[in-house]
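Below: a set of structures, written as structure tokens.
Below are two complexes that have chain A in common, paired first with chain B and then with chain C.
What follows is the complex of A and B.
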């Protein structure tokens, strides 16, 4: 028997430890765990039990966020498998960086384009395609599971972070243009 | 699927016993208390049959305090010592209050840690202390009408209340001797009162038009999660404006000068309010207005004329509605339910225009002044354990992001807004100078990039970091937000294993010590009463704990505990029973704590066992490829 604070997120949610998750089952499990552990269920219980309930529910919430989002899930899974991402390692694939710089440059000068909003949509579409491709690549690498694949998966996760940040900047830029 | 029940005290096998709880709507203008009796939630009236308690407190030189209608009538004679609208200052700093405007006559002075106080004949009082008088009054009403002490209460707060405002509300309740089970968002309470939480999903608009303020909240319900998507409003728009518009019309018709005396204006406002209420039921109203010279003016007003006078005011509320929908990113036609709150929504014209705007018939069956308190009482009833079979669970989110100040005055978000609570997040930081032994930590709340644009919650220093090279120390800052949205921050240095923990208290609530001091002061003259009450409370608590534990032991003790572990718990129970034979409540309390400590592991194993069972009930193959 194990303590939720000791179990890893996949164990806590009863999901197989792999990159693919069934998001519907995840949501269902989330509600079941909430029903059992939420502090509202322990309002009249002892202080010790209230404290446990608070810690466990916080863990349930954190696990849900991590398992739900592909990027967080991939980083977490890599850590579990013994290939944690090194934040200090900023080396990136050259071609990828070049593409990113081009997109960024276009984003910076977007106001000068004939139709800035249209241009933003183009960038957004491009990012979405890149993210989908990365997602599929990640699935393959985790399924393959060799040391080489997992190290490559780490590179993919770093790229995914890049794309996500750029997508946020596109959204901010759009608000500026609209506002 | 049927969820496994954990046999906790509130769900035990013992014969069902009704636990007494209540919901409190602590309002800006009026406050109410409600409780569930025989399955029905109802607000409680005072001896004169009045349900609404005006949120007004009057302090007299001799130290007596009056609350409600009686205090309100003192406002004219003693304005500086008659405090109203205190909710607007709860959890606010001195600077916030200056920004709120100066239409109130009170004399604010700086208290400790930037906490404002109001100068009165009985001394400088914090908004927390003033609000606690209102809560004490309702607490008393509750005890008298039900004949006992509630096990716990749910208090409602506006959805936009930030952390210090929530903390201050809780502090006020603590001072009033109430056990707060949960703080609940007002719009969520209104939705619960209408049973909207029973739906599986949907978008709900809660339109709250009170005497002096207007609030609109857009909620989304999804599989038991109530999420506040957006709030908007106008803090200077209310039913009073409607009365004023009618009064202005009367003055023009009756030939009363704009510079009519204060007394005349007051009477005109009362007349206007009465005419407005009359036109809710009738097509036309006839009335006599007494002028200052003692002559009378006879007037009449029909509904159509009324609409021409007040429509502009009602339409003003639709602007924030539109803004809130935009903020939430919700199209008008996706709003499935519209809930009406606040006395001004009694007017048929308000219902009509709001219904037309949202293209939905609004919910109006429950008294709009009481609907929030009723929803709070229903939630309290579930929390206290009267509905063990209820699947309902409100999962709340934090309204604003929590973060830390980084170098350069930038705010780094640790917990983003709309994160489901409770939540705990940790982040590691390091030193930036060689030999640095202290680190300033500044906790902020808000969505903006710059710290100066966010709300400052707390500052503290982590000291005693061993001198190391820059970047070598590992300082882990953990944010924990409980189910009420209240925050504690802990920082500790990990590399050396030396631990320095600091719990942060919000700047504008009261420190625990201060609350303790105030409680002691208020009870000093009733020392013996207090001891007796404490003993009684501790004995009740002891019985409850032992009863629950024995039920749990009977169910799972054999399976989950070794003989030695079982013996330790049995010993702790015996020790507690022994302590109850004496008259020292603190010994009983200690024995309860000791018993809780010795049974924590058992409780953890039981929670675990039940979830293992829940999980093994599923076919592992269905978890997905």
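What follows is the complex of A and C.
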């Protein structure tokens, strides 16, 4: 049995090291691994084994959280492939930032629109379309796998973070409007 | 997390919130985003023909520190030449606002925004030169 602490998340879960994952397989492997490394199975084991089983379980959980979420999975995969994200890099595609600014401005003034909830739905739909488009682009870039594609994939992941943030804000705004 | 008094002051009474006409040849627009947190910042400067920043404004969607950093920068750049404004460092902003280490990236964002606004203006001027 190989040491889970030495394997990367994809290896641990027996998933090919790529952006697309089989979410059913992932969930199934999660249950198997959890059982395999569960601290209950090490009750009579040595102290060292007990400690290790806790570390294994934590790693199994971290890996699951990372692999099941596209954004985290993409960031992790980029790091593995040698193209880690530079979170301090603030230069981004101008058109993308402009759109983000406009969407946030609309969200800020949404209470003044004729039908604020309808407007929220419009923003949400737009976000969903943007996310799906980004998702497809990411799949292509990872499948392609060249240095250029992977750098572009990094830009896509950064953009996805802005979309995710905006989606949270849309949800908060909706609660305010309904509350 | 507790914000410093200066951050609170800028957050509650942000200076120079607004926007200028992006197409105006005297206006430079800087647009930046922080991938770490999804903050978006727009900072604009209005510059006289002899290169002095006459006015500045911003709009930031982000946390209190990001809003305070951009608000402060719009106050600082007014009356400065482009060269002077380009020497503003994120460490100056962070120090003035007493930002904690986890919020340093907000001051970096503001520094990058003013740089980006200056570059936008310069590239506009070069375009005008090329056309003549």
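By definition in this document, the second predicted complex is superposed on the first by the 176 of 179 C-alpha atoms of A that agree within 3 Å, B and C clash if a C-alpha of one lies under 4 Å from a C-alpha of the other, contacts with A are read in each partner's own complex, and residues count from 1 in each chain.
In the analysis below, contacts are C-beta pairs under 8 Å (C-beta built on N, C-alpha and C of every residue); 3 or more make two chains touch, one makes a residue touch a chain.
Computed from a prediction, not measured in an experiment: that's the story for all the values here.
Undergrad: Determine, under the contact definition given at the top, whether A:126 touches first (chain B), second (chain C), both, or neither.
TA: Neither partner.
Undergrad: Contact-wise, after the overlay, does A:100 reach chain B, chain C, both or neither (first, second, both, neither)?
TA: After superposing on A, A:100 lies in contact with chain C but is clear of chain B.
Undergrad: In the superposed arrangement, does A:87 touch chain B (first), chain C (second), both or neither?
TA: second
Undergrad: I want to verify the contact counts: of chain B and chain C, which reaches more residues of chain A?
TA: B
Undergrad: Do chain B and chain C land on any of the same chain A residues, and which?
TA: Common to the two interfaces on chain A: nothing.
Undergrad: Can you check the complex and tell me which residues of chain B touch chain A?
TA: 1, 3-4, 6, 8-10, 19, 151-152, 181-182, 223-224, 382-385, 391, 393-395, 419-425, 480, 482-483, 544-545, 548, 592-593, 596-597, 599-600, 603-605, 607-612, 614-615, 618, 620, 622-625
Undergrad: In the complex of these two chains, what residues of chain C are touching chain A?
TA: The contact residues of chain C facing chain A are 31-38, 40, 42, 59, 61, 105, 108-109, 112-113, 116.
Undergrad: Flag every residue of chain A that touches chain B in the complex, lowest number first.
TA: Those in contact with chain B are residues 1-4, 14-16, 20-22, 25, 27, 31-49, 52, 54-59, 61-62, 64-65.
Undergrad: Which stretch or stretches of chain A touch chain C in the complex?
TA: Result: residues 85, 87-92, 94, 97-98, 100-101, 104-105, 108, 157-158, 161-162, 164-166 of chain A touch chain C.
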